[in-house]
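Both complexes below contain chain A, partnered by chain B and then by chain C.
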Partner chain A sequence: MRLPLFRTVFALIIINKAGGLIYNRTLHEGGLNKISTNDYLVLAGTFHGVHAITARLNPIKPPRAQRTSTSSTGAMVRPDPPSGLEVLESENFRMQCFTTLTGIKFLLFTDTTQTNIDLIMKRIYDMYTDYVMKNPFYQLEMPVRCDMFDRKLSSYIREINNR
Partner chain B sequence: MASGKASTAKEQAGLRYPSNGKTIYHRPLNRSKTAELSQASFAYLFSEMVSYAQRRVTGIQDLEKRLNLQGHPIGLKLLDLLLIREPPRSQTRPLTIIALLHFIKINVWTHLFGRQADRLEKSSSRDTPDEYMIIDNEPLVNAYISVPREMSQLNCAAFVAGIVEGVCDGAVFPAKVTAHTVGGKEEGEMWPGKTVFLVKFEPEVLEREALIGKG
Partner chain C sequence: MVVYSFYIFDRHTECIYYKSWVPPAQFHEDSTAANASRSANAAANDAKLIFGTVFSLRNMVRKLGGDDDAFVSYRTAHYKLHYYETASNLRLVMLTDTATLSMRNVLHQIYINLWVEYVVKNPLSPVEHKGGRGVRNELFELGLDQFIRGLA
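After this line comes the complex of A and B, so read on.
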C-alpha cells in the first residue's frame, strides 16, 4: 500500500552563479509549507553562501597517479573542482543540489524516500539546456520565464509523482 | 613561379582549405537524402539569428519582416536545388498553385525538417480566393522557443515563411507568406505550437491560373 506522500518531488529552485533566485516552482502541493517569495530569495542567497564555504572546506583531491595526470595528448588533466554541499536532509524532506560547470545550482526538494534523484536532476538539467538556453528570448542570469520549460517540467514531474 | 608564390601567400592570409583539398563545392548535389544535422546546433544558430534580428527593430512586425528576409534567399536557392535532385522526368518547376503547394508541403518540408507539413488548406472565405494555408503542428524552428507574453503576436517561424515565400517567388508565383500561431495556450493542448503559414498570392497569379484553367 502506498501513502499519498510516498516518493514525491516537491519543488525545484534554480540559483544563478551570483546567488540570485531565477526559478522557483512548487511541483507538489502540500508537500512543503509555503514560504514567502522574500524567504525564497533569502534561502537562495544563504544556500549560495554556505555552498561557497563548504566548497572551500573540501580539499582538492591530489592527482591520482603521474601516469594518468597527463592524457595521451600530453595536456594536464585538471582535477575535479570541489563540489561543496550536495545533500541536505531533514525528517520530512531531502534537498539535493546539483551545480553545473557554469555555476548554476539546481536544488530539488523531494521526499526522503525518493530514488533516482541523480537521474531526475540530469533530466531537469537537459530540459534547462534545451528550453531555456536555446530560447532566444532568455537573458542569461535573469529569472526563467519560459512556457515551454514550465510545460515540459510539469509533465515530467507529474509522471514521476504519479508512479 | 610568381603565381605559385601569390597563392601560398593567399593561403597564409586567410581562407583555409581542408587537408584533402575537398570543399563543400566538391560534394555531389544529388546526395544527402539521409544526411541530417544536429538539431541542437541548429537551435543555437537559430536562437542567435532571432537575437540578431531583434536588434534595432521597432516592433514585432518589423522583427517578423527581418526573419522573413533572412529566409527568402534560402527559398529561392532551395527551389533550384530540390528540382535538380528530382528524377529527370519530373524536373520541371511547378506550374499551378496546387502543384507548387504540394511541392512545398512534400519536397521542401521533407528536405528541411525530415517530414511533410501536416496539412494544406484553401481559405474557405469567398473574399480571399488568393489565400492558402500550410499547417505545421510543431514547427522545428520553434522547438525550443518560448515567446514572452508581451510579444505573444510573434511567431519565429516567420523565418520558414520567408523560405516558403522565396520558393513561391522563385517559381514565379509572387506571394506574401506570414506565420501565425493558432495553438491554444491551455494546459493539455495537443499542439501548443501549431502554426499556420498563410500564403497570399498576388492577383496576377490568380489571373494566370484562371487562364490556364480555361485553356
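After this line comes the complex of A and C, so read on.
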C-alpha cells in the first residue's frame, strides 16, 4: 500500500563540484522509485552536465556592451552570474537544486505540494556546514560519512514528514 | 507573462519548428547577411542543447518517478522551460519568463488546435517533417503567433 503523499520530503542528494555523488539518502520510502547506487552515480553526473547547459540556454542574452560596464562611482558592475536549473517539476515530484558558492549542489526531492523548501534547504545546508565541514576527519570532495549529519538530518526530516 | 521562444522536435529528435519572440542578440557591427547566418546558426545550436537537456531530464524523471511520470517544467533564475510530449513522441518546448505558471495546457492546446489542424490534416504536408518540411505553413505560423500574443 502506498502511503498518502502529503507534504513529504523524499530524498536528498549532494553532488560535489566535479559532478560526483557524495551523499545520497532516501528519507521517505515509496516516494521515488528505488534505483541502484550505480544509477544514482549516473544520475548525479548527468544532472551536473544538464545544470551547466541550462545556465547557457538563457534566451535573453545580455548585450555585449553591458557585460562589464563601469558605474558612475568607478566600480565595476557585473551582470548576475548565470544560474542553472533551480526547480524541476514533474507529475509525481518536485526537485529543488541549491548550488553553494563553492559549486556543491544539494538536490532535494519532495512532493509536489511541499512548501517552504527554501527554508528546509537552508537548514540542511546549515547542518552540512556544522556536521560535515567541521568534522576534522572529513576530506573535501569525498563521500560524506558523518554519523552526526545522518542523525540530525533524519530527526529534522522526520519532524517535517510527520507534521 | 512573456514567452521567449517555442520549439517542436519530432520523433527522430530533429528540431522541425522554431520560433522566437525575442529580438536576436546583437553581434559586432558587420554585414547583416553574416549577422543573420550567425544568429540562425546560434538558434540551431540552441535547439540541439535544448533537446539534449529535455531528453536527459525526461529520462531522469522517468527513472525516479516511474514510467507513468512526466517531466513538466524546470526553472532557473532567468527563465522557465515548459515541456509537453505527445503519445507519438512529438515534443513541444516553450521558454518563458520565471513568473509564468504551468503552460502544459497551452502546449496541449497548440498541439490539438494548431498542429493537428494545420499540419497533420494538411493533405500536402509530408508524414515525416524532415528539415521542417510542411510545418512552416501560413495558417500554422499565423495561428501560433496569434495564440501566443493572445495569452498575455
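Methods note: the second predicted complex is superposed on the first by the 137 of 163 C-alpha atoms of A that agree within 3 Å, B and C clash if a C-alpha of one lies under 4 Å from a C-alpha of the other, contacts with A are read in each partner's own complex, and residues count from 1 in each chain.
Please note the rule applied: a residue touches a chain if its C-beta (ideal position, glycine included) is under 8 Å from a C-beta of that chain, and two chains touch if they have at least 3 such contacts.
Just so we're clear, the structure is a prediction, and the values are computed from it rather than from any experiment.
Once the two complexes are overlaid on the shared chain, A:Phe149 sits against chain B while remaining clear of chain C.
Annotation for chain A, partner touching more residues between chain B and chain C: C.
Shared-chain residue A:Phe137: touches chain B; no touch with chain C.
Using the contact criterion defined above for the overlaid structures, shared-chain residue A:Phe109 touches chain C, although it does not reach chain B.
Chain A residues in contact with chain B (one complex) as well as with chain C (other complex) do not exist. Residues 32-33, 35, 39, 43, 46-47, 49-50, 53-61, 63-64, 80, 82-93, 109 of chain A are the ones touching chain C in the complex.
Only residues 4-5, 20, 22, 25-28, 46, 49-50, 52-53, 56-57, 60-61, 63-66, 68-79, 81, 95, 102 of chain C touch chain A when the two sit together in their complex.
Chain contact summary for the complex, chain B toward chain A: residues 40, 43-44, 46-51, 54, 144-148, 151, 156, 185, 187, 192. Within the complex formed with chain B, the chain A residues making contact are 130-131, 134-137, 145-149, 151, 154.
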